[in-house]
Amino acid sequence: MSEALLQVEHLKKYFPLGRGLKKNASFVRAVDDVSLTIAPGETLGLVGESGSGKTTLAQMILGLLPPTEGTITLDGMDIHDRSCRKEFHRSIGAVFQDPASSLNPRTTVYRSLERPLALNGYSAADARELIRETAEKVNLGWELLERFPHELSGGQQQRVSIARAIMLKPKLLVLDEPTSALDVSVQAQTLNELLDLQQRFGLAYLFITHNLSVVRYMSDRICVMYGGRIMELGETEEVYHRHVHPYTLSLLSSVPPLHPRQRDRKKYLLTGDMPSLIGELKGCRFASRCPFAREACREAEPPMRDLGKGHLAACAFAGELEFEKG
Amino acid sequence: MKKKSKLSQVLRKPLFLIGFIMLAVVILAALFAPRIALRDYAQMDLSLKFVAPCAQFPLGTDQYGRCIFSRIVYGSRIALKVGLMAVVIETGIGVTLGIIAGYYGKKLDQAIMFLTDMIWSIPPIILAMAIVLLLTPSAENVAISIALVTWAQFTKIVRVKVQAIKNLSYIQAARVYGESDLQIIVRYILPNLTSTIVILASLALPSAILSTTSMGFLSLGAQEPLPDWGMILSGGIQFIERAPWISFWPGVAIVWTVLGFNLAAEGLKELLDPRMKV
Amino acid sequence: MEEKILEVKDLSVSFDGGVQAVSGVSFDLRRGECFALVGESGCGKSTTARAILRLIRAPGRITGGRILFEDEELLGLSEGEMGKVRGRNIGMIFQNPLDSLNPVYTVGSQVSEGLMVDKMEKAQAWKLAADTFRDVKIPDAEERVRSFPHEISGGMRQRVMIGMMLCRHPKLLIADEPTTALDVTIQAGIIELMNDLRHKYDTAVLMITHDFGIVADMADRVGVMYAGQIVELGDVFTIFDHPLHPYTKLLMKALPVITKKEGRLETIPGTVPDLSKPIQGCRFADRCPDACDRCHQVSPAMTQVTPGHLCACHLVKGGEAHV
């Protein structure tokens, strides 16, 4: 895919363990050889449990963490190229999980929105015009802008964060669990607004969440991560209904049902804990908890298998396993 | 309005109120020393040596016939000046290093923490004495030496605070929309540190003053004829039986000042950040 | 009719400054049944749960109503008698198990301590603690009893809490968002465990949650709370298939169960009313798409629509919604 907006190639992040002057220190392989792309205007949903590396991946894409290895290209530019630093910051935006800490508590909402514009050389009058325009887009009343963040509700705070992120018309928005701190009714409103913005301005989203229903509603494609690696990647409905990776199966069957009728569905529950990501790792990372694991899984890292239509799965037996439907 | 009621609440606690009043006395003495003092602090008159406290010399005179009261009043200037200088310098060093260690982490953090631990492992007064002797004794050098041995506590506390603040979402967001490291530190991190810094500095001031007078006692501080409280006190020791007032009154001044500053600092802490532990 | 073990009648709790966190909540639990209180943050579901164990701390206060546990009025008991009810007859688990466990004791000793309160020998209590760990499916139970809370994962801690509560065979277990802090795969295991154990020991469960999925997975009956009141109550199948209250209906449609190609989620306009001020009429009226004059003036009472299905809405009458 040459027309990709974001291209992540063989990205790795190893955190050194233990401080001090020890040599040969061991590493936590938080993100280990991840490659993915996002097309313009597309939403890629990134799902995984805590410790799967999804937040570390997002931080690297946002330029907040330097990768240990690998490249990230946004709209044709290497994000670590200092010469296009300004351009990079304009092309990407971020919304984080906790709405309360996403805004500077010491300044009014208006000042929080004005700052990124000032950094990009907007005059006070131009900034005012753009803030007014953006506030309208995200349904923020003008009167709210003169308030301090603690005087707003969680949903309103999150809308300010979204406004701040989209104001400079970025091409990619990284949304890190943007609605998990919100109530269901507020979540619905926020998700709808995000979809409207995407349609109107052709924004691409990297939508990170642990909520599998939310990710299905939002995404064109879904990427499932486990233990720092991609397990399965494909179009939303493909991953939902024709998943081939046992981890995706377990994850989806863990989601509480939509109706009490589905109580007695067949569940593939995981036992044990996520394996340690320290040191040399052999074989498939999911093998220790995989109900279908065979000897070969513990021996060699499974290759990424292409099942057509962009559906990829890192399972040696992808497509050969029989999953019982719930 | 909320701030005001908080202030009056703190002032209503008698100890804090006493602290602020004691503090005010010292500051007024330093500001208006020429008006309050009865004569020049250096004016000698050997015919008037060892005069006991009387109407003309309220606190008596020393072995050179200098007025103790005037010397103590002028001495407040030295104590405050050196104390303040020391605190400003140590705050500067400590906060800067703390921010660097906390914000950048990794190797820089390790290096700064190593330095901090080293400073902390040496008895401060002995190290300070060594530094003053190296620089030649004077009031300014006392301030520098005190600052050089006490900045570590600022670094430790500021570093931990910065580590917590820098990962707040709004600071991460600021980095995403392109704020530079320096802008992040100045615009977002420092404002979050102000109350911590003010509290730490106000608590450091009385101990800096105490150290100043200790150095003066060892004749490492301001030199004669400047009226350093510690020096007056030590100078009077040999005449303690003949003229006890020479050493007694500077002692009172030191205790008064240090106690006043400590009580006031506690009050300030209660006002700004009651939960903070130092 | 099965035997009722808990009856809450007209329970009201208010906080300092007159905030009516819970007003006039009534429901009951039958032996071995799972009843879920579901609602958004601030609706009073957790406050209700705590009020049952009289764990409301000042400035909060129970201002009215009755709480009958096996026909005994809990609000009339002395603090000492109440202490015996807690743990022995009614257990409770919370959202964050790390806050509920003492960090300086091993998890095994904390479980056995509860048993020793019931005059059990130490050795026997320790053995039973290990059995309990097996019961809640903690791997290597003999090893794990000697672990400290920080040495085990969040999911394991919640299993320890469940075991600690269930080993004294309470008749009622109150679970306040027990899986909210956990990953879905861990949550699924905890839910399955709670379902198994509840049938094994015939323990009634009062489940407090914001997640309709958990309700669907566990509950026999449901109470939907809004702004301190239960607005609809009924059998779980009835509530999912025929929700009557406008709030329940909107909330169900706000759940993302579709893809973006299939349409948009329903949203609920407006915000929750300020509970520190007296509210006239129905508390949902300002946000209700179908509110009429009467809704703004008269507070609707809970009325039975069909047997066991109650709803507090003027627009719902005799089994049929006028919407």
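First chain written, first letter: the chains are A, B and C, and each begins at residue 1.
We take it that contacts are C-beta pairs under 8 Å (C-beta built on N, C-alpha and C of every residue); 3 or more make two chains touch, one makes a residue touch a chain.
Because the structure is a prediction, the values reported are computed rather than measured.
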Graph class of chain-chain contacts, one of line, ring, star, complete, other: line
Closest chain to the centre of mass proxy, which here is the mean CA position: A
Length of the line joining the C-alpha centres of subunit A and subunit B, rounded to whole Å: 51
Inter-centroid spacing, subunit C versus subunit B (mean Cα positions, whole Å): 56
Length of the line joining the C-alpha centres of subunit A and subunit C, rounded to whole Å: 32
Residue ranges of subunit B touching subunit A (in the complex, touch as defined): 110, 168-170, 172-179, 188, 191-192
Subunit C - residues contacting subunit A, complex: 40-41, 139, 153, 183-189, 191-192, 210-217, 219, 236-237, 240, 250-251, 254-260, 264-268, 271
Interface residues, subunit A side, partner subunit C - complex: 49-50, 153, 183-185, 187-189, 191-192, 195, 210-214, 216-218, 236-237, 250-251, 253-263, 267, 269-273
Residues on subunit A engaged by subunit B in the complex (per definition of touch): 19-20, 62-64, 85-86, 89-90, 92-94, 96-98, 101-106, 112, 115-116, 119-120, 161, 164-165, 168
